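Here chain A shows up in two complexes: once beside chain B, once beside chain C.
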Partner chain A sequence: MQEPALTHPGEVILRPRFGVRLSPVHLLTGGAVLLLTYLTLVPLLFLLYGSLTSTRDPVTFTFANYVRAYTDAGSFRLLANSMVYAVGAAAISFVTGTLLAWMSERTNTPLRGLFFSLSLIPLIIPGVLFTVAWIFLLSPKIGLINVFLMWLFGLEHPPFTSYSLYAMMWVDGLHYSPLAFLLMSAAFRSMDPSLEESALMSGAGLRQTFSRITLRLAAPAMASAFFILFVRALETFEVPALLGLPAGIQVFTSKIWLATRRYPPDFGLAGAYASSLLLLTSIGVYFYSRLTRETQRFATVTGKGFRPRVIDLGRWRYLTAAFLLLYLCLIVLLPLFVLLWNSLLPFYMPPSIEALSSLTLSNYPVAFKFPQTVRAIRNSIVLALSSAAIVMLLTSVVAWIVVKSRIRGRWLLDNLATLPVVFPGLVMGVALMLVYLTLPVPIYGTLWILLIAYVTRFLPYGMRACSASLVQIHRELEEAAQVSGASPGAQFRRIVLPLLTPALLAGGLYVVIVSIRELGSSVLLWGPGAEVFSVILFDLWQTGLVQEVSALGILLTVFLFVLATTFHWVSHRYGVRR
Partner chain B sequence: MVRIEGLVKRFPAERGEVRAVNGISFTAPAGKFFTLLGPSGCGKTTTLRCIAGLERPEEGEVWLGDVLVSSVGRRVFTPPNRRAMGMVFQSYAIWPHMNVFGNVAFPLQVGDRLSRRAIASRVQDVLHLVQLDGLEDRPATKLSGGQQQRLALARALIRGPQVLLLDEPLSNLDAKLREQMRVELKMLQREMGITTIYVTHDQVEALALSDIVAVMHEGHILQIGTPREIYERPANPFVAGFIGMANTLSGRVVTASDASGEVQTPCGSLQCALPAGMRAGDEVLVCLRPEHIDVADVPPGGSNVWEGKVEQAMFLGDTIDGHISVSGQRLRVKIHPSRTLQVDSRVYLVISPERCVVIPH
Partner chain C sequence: MGQVKTMLMRAGIALALALVLFAGPGPGSGWAAPMTIAQIANYKGADRQLVLEDGARREGRLTLYTSLNLEESQPIVEAFTRKYPFIKAEIYRASGEDVVLKLITEYRGRKFLADVLESTGVDVAKVQKEGLLAPFFSPRAGAYPRAAKDPKGLWVMTRANMIVLGFNTRLVPDAEAPKTYEDLLNPKWKGKIALEAEDQIWLATLWEFWGEAKAREYFTRLGQQALTVRKGHTVLAELIAAGEIPLSPNIYNHRPDRLARRGAPINWLPLIPVVAAPHMVALPKNAANPHAAMLWIDFIISKEGQEELAKQGRVPMHPLVGADPPRLTGFRFITMDPLKFLDKFDFYNRLWEELLIKPR
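On to the complex of A and B.
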């Protein structure tokens, strides 16, 4: 055999027969594992450690925190409240969302096209504002709905109250119903109509087809949607804090909050509650992901364009249209109207001719008089932009390794990057407090700790955007570049990156929006000078500066609406091609 | 020339691993059209990807001309971007974010340092070659299937590679276009005289295009030869069954002299040409191509005549496809459409001895 001749020297890659080949990809993977471990696993360990040790010196291993948490007289009530609240809110979201999805995807209800985009508005309104708006509507003293009904029927007592378990379920359920709507629309849309048609051709009636085919096929998607809504409701802090606490109704998130508000703050107790909540959300996420896999198994047709069977409702379609309009009133028009109304009043008044004459814009400049407002706006923007940039940069590399490379153990990266899904905002807050009050890194109460919190919490969103997009980029597109003579760097720069850009932009904008809305972690981690917008709204409300909150809220909503429209435009402009 | 020596490639599977390519060797001579033919999962695409450098083999060597590009023993591995080959992928892998010009010019932009003008003129030449002139500014996603295929070919050819690798390039086209592209591809290859390695599961394609065909099955090469050899002298039952249609009958050699003998089959005895080394008593398979069986209405004289009953006759336009039952065995025949075949009628099958293919069993 002849000696190997080489076209150019240095083209040969030498590798030991045994042992590890160290390529740049390996180094990159190693770095990513370390960074993600630090971001996601370290807080989790500190949380568990903190909940299992005594807070005072000497640090000893103890179950005392859990004992204190669960021997409290109210502990059964706490668990019951949390579960009832989360199940109730999830049920309200689920039922409304599913009905709406069915109406807009599978029936000929008028206005359904318009409805789709309008119904998503609540998803961009921060929870604080939505909750505050519903206090304006349902509060026993000033609630617009109560005032109106009392006037209409001559009632002596307000029919509703905003401070009850039912109101909490209602407000939170309503706020997240668009999420259920989105999930179920996707499920209804991906259903191959020929499956139902072949049932009809086999002699099954409409009702049998619905119960034996449609419902069965949608069942995994429905169950998984319910679980994610349940986890979401467990995680919410705004509603339990603003509606529950005044009525003495406590759930896990508000308990955690109260434990950190004590003097001195009881981090052990907060850690015990947070760990319990984490366990509940993990169980929920576990069932969610199992059911999602089931859903994918049921996804009989992938990406093929077909029109789902649309049912002609006849005259009933006006009823369903009326339902859509009523829903839009409840989730968009009424809350925004009541916020706008309050932002224009010098002090609270129900709508009347008299009130109209005293409308003023003065709340808007006043809101900006507080020095922390301006600082908070600046901080929020800086934090949102930098966390979006970091999240997308990090996840584009991690997702590439997970989706495209064949490195062993890449599943570990995937799991690390999606782990924060189970962290409610407050739990992440407690965990990071425990980390940075223990480690000699003095960033507690600064923007840095907030940045770490946001980046960690929103990693999964970046992962989802990047991996969904990378999966669509056929492996052969990169290989074609490789065979064409492009180096690995040139492949990434000229092929992968341009094709990934829409996902990076869309994912980044989404992270910007959720960062600005974020309250759960921020409310525990902010400090003087490091205020953020949502925390300022929360604080101003607690202080009773109702009109200013409304004014700032309207401005924030407009700003987020512009961002979300851009997001929508970007993902449509660049996402759908290909 | 491309030479493969003892190539092995394994993939991790759910339990243990799968040997996708299990020790194969062949040489594709310079300027020839060499085809790897086999059913899906036989390892043909993996072999091609090892030649391209997209997979690292576990064992074996790959030579391009007299350059060793991949050898496990000598620890040589040239990455694909330095192998100077052109490749057309099954999906075409047309970059959707570039126009036609961008796609074709890419290999020149990332590799050799050429002036803009030189690149433009090369692109024009190669687009002319594949008949895509004037479409330079068209977005790549706005091309038809056939045009995308030509574009992929142009991109593979633009650097003037030594070797052209084609991974089922015609499988995504509809039947008519596929036939047309087949003719064009063959003409282009002959004109350019470029060594071509072609992967397909379509035996008609393989027979039509190739100078040499290698039939692969479960990671092994079963037979290498010209299309005619492969078709007329299959070396084993799999090749006989995979290429074209064949009636296979198990049998036993009764008498054997130098190159011919008599084989006893369930349908009757048969005078056959025998491969060297056959002896009386050997178990064999006899392959009879449907078009090599003659059908007569009255018994002709001579040997190799079997009597049978027509069970089914289908008029296919250019042929009649007949199912004839002979002693309980069902044989397919293919006869000229001008003849008629009456269902349930008696017929006589005539098989010429040199058309029988006998394979050791």
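On to the complex of A and C.
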């Protein structure tokens, strides 16, 4: 008979029944390990294999791909461009986001409540749309901002251009600044004011307190935020493809994409570049995880409720409010306006009386008549829902094993499930292409390969949501069930699962939103009948059907906004009250 | 009991044999061997149309890989499905080079999705080089001159993109626009000319026509004009219409006409000799729906299909079908053999990069 051991209170001991070696949970763990290994390690192996073998038969082991990749005259410039771009974009995101987070959390700036909700909108707008909108704003001769400034100041030459490294850093930096804002807000919010208050009481002035206490406390959070933004910028595909290529500026992601589009197809070269990019992102993620572990050292969350100290800015708060409004304009209002404007024009025109008279709604139905569009919408929805379901199901089981069980080797599961964080979308696409063009599984160009790509890429998000929630579920509940005789399966079903539901919903909705935006892997793996929405937008833009892109973009934004509002409402309604 | 069982078993076997022999696939009255793709594609019998329609009825679908813009390919496909309502046609549209790249990659992954391929000459030549095309016979091809058909029967030309000078009428008044290639070298156009990023065929065709000496001198001087480079012929035309770029000698002439009809300030002029980039239709060798594919091929190269193309503002290759408006073909044009271009691609690409792209 099975006796629950009470020597390690709070943990579920899984002793096999009737002396059988393998319990269902062991099988489950084994199955999860196999599945996760297949999803995460196999693409990595094929990527390395593909980069180290020749592209033509007979297949031989060779370094030629790497040699070709790095003896190309522009290869130093490639590395330099990629690093400068990533650092610059991360810096812009970071500075903007931190300033805003500070204004929002630590000062009495008016409007900051409203600002918080609106500032998250850019995270749901696909990168393609945001970039396209900024091309409309900053195009050398016809960009709205340039036209306006040239008219206002009577300039001869446009002050800005969208096709330069600075523009790339600006657009990408701006697009991800809400992420920086979220990360730093959380950091500022969790700072215990007692440290600062004791400094002030000991006689330190505001500035001294800020530099010696606040900044030091926030330093690990700031450094880790910077690294994650840096990795994000390295991974971005839309901005380098749409802004960089016309300017002749190449970074890793655009080089990888171009390598897959050469004739004859050069997957070895793509693999070589992709592996290098993977190395860079792994380094970034490694520093990020080291720093977040450090953050725990400075964490002063003690479970007591507190509000961080809010600084009264006096008259200055109107200035900061103006800054908030300017930021909202740049990140939401202007891009959406210019997309809306474009969607109503028969062909591109800067605003003028004449343009106003040519406004038409005809782009909307035309965009829908493309068979691609309807297929893409259907596919995107199907993929989003199925990947969310699979990810949350898989990660709830895996997270339960990692957090709640004492199975040996659960650290392996944790690492496997979070490994995809280092894979940029494009690299995952190249890897999966190599896998399914080599293995005799004919799913290339179908929805199945896209599903595999999405599930693999979004596993870490699911893991984070589930682990965080599972850790909070108090052990007493499970212990009580265990003592009352419930099997681990019943414990999971009747105690853990209902309490996990908010995390599952929140994580699932997040995966839905992120998968509709996904472009990096989709752009390499799609095929006829297996188009997704972001790829259609990208493709229509490349074809030059600018007005239709704007029309579809507006519709998508509206849809995603509704979805995100639902997400917000659901998490408010069903969130576990602490 | 045993006897009844044996009798039932024998009856069952006989029934099964009868079903297999008399009700199997084929036109009802017998057991016909299924035809291979090569046989279907080259069938010359008197009942060819009937055989193809029967087969297409059974197949029920067609996947078309084309580089023709969706706005234009959709009405043409609709005309086809009006003629053969039992075929459900799906268009997969991508740029010329992308659509063949997809096909080549898919064949590598053993996925045979494309039934018909229609793309630029150079791109179809790539697929031909990979050995992925099947020769076909169509009675409609008889109307075309020999130069418009592949000698081995692998493709037939369907349309041509005429590469002309497009310009914004507000920034470049009609009277001032360049009328010859030489006019483009005038210093007043410095910084105002854009080229399409991958138009090596334009350079190559002119190079072959003018000869090395004249061509090298011309393109070297053109490269000194502070050129802008943009990817996509349609994009280029849109940018000219929007006023972002004043002019470009790499515009397909049907596009400005389309834009001008919507009221955009764009016009075009032929610079003699005009380079024509032909497009062909071909049959991938593992097409999943070969009967429907052959019906499509017949349609698009027939007078009917070519007239549909002309209605969309494209330049048809059928000798008896004129373009609409006629000025789309009212000039002298030259072409280059696609296979020859592909073989010398590296040579021309190097020239393209060295003379035009790098000096920017």
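Heads up, the rule we're going with is that the second predicted complex is superposed on the first by the 550 of 578 C-alpha atoms of A that agree within 3 Å, B and C clash if a C-alpha of one lies under 4 Å from a C-alpha of the other, contacts with A are read in each partner's own complex, and residues count from 1 in each chain.
Criterion: a residue touches a chain if its C-beta (ideal position, glycine included) is under 8 Å from a C-beta of that chain, and two chains touch if they have at least 3 such contacts.
Note that the coordinates shown come from a computational prediction; the quantities given were computed from them, not determined experimentally.
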In the superposed arrangement, does A:Ser487 touch chain B (first), chain C (second), both or neither? first
Applying the touch criterion given at the start, work out whether A:Glu479 contacts chain B, chain C, both or neither, answering first, second, both or neither. first
Looking at the overlay, does A:Leu499 come into contact with chain B only (first), chain C only (second), both, or neither? first
Is A:Lys369 touching anything from chain B or chain C once the two structures are fitted on A? First, second, both or neither. second
Between chain B (first) and chain C (second), which does A:Pro140 come into contact with in this model arrangement: first, second, both, or neither? second
So in the superposed three-chain picture, is A:Pro265 touching just chain B, just chain C, both, or none of them (first/second/both/neither)? second
Output check: A:Pro528 vs chain B and chain C. Expected answer is one of first, second, both, neither. What do you get? second
Which partner, chain B or chain C, touches the larger number of chain A residues? C
Name the contact category of A:Gly203: first (chain B only), second (chain C only), both, or neither. neither
Shared contact residues on chain A for chain B and chain C? none
Quick check: in the complex, which residue numbers of chain B touch chain A? 52-54, 66-68, 71, 74-87, 89-93, 95-97, 106-107, 110-111, 141, 152, 155-156, 159, 165
Chain B-touching residues of chain A, taken from the complex the two chains share: 2, 4-8, 11-15, 17, 474, 476-477, 479-487, 490, 494-495, 498-499, 577-578
What residues on chain A touch chain C, complex-wise? 139-142, 245-246, 248, 261, 263-265, 346-350, 358, 366, 369-372, 433, 436-437, 440, 442, 444-446, 527-529, 539, 542-546
Can you name the residues of chain C that touch chain A in the complex? 63, 65, 69-71, 74, 90-95, 97-98, 100-102, 104-106, 108-111, 113-114, 126, 130, 229-238, 241-244, 259, 262-264, 360
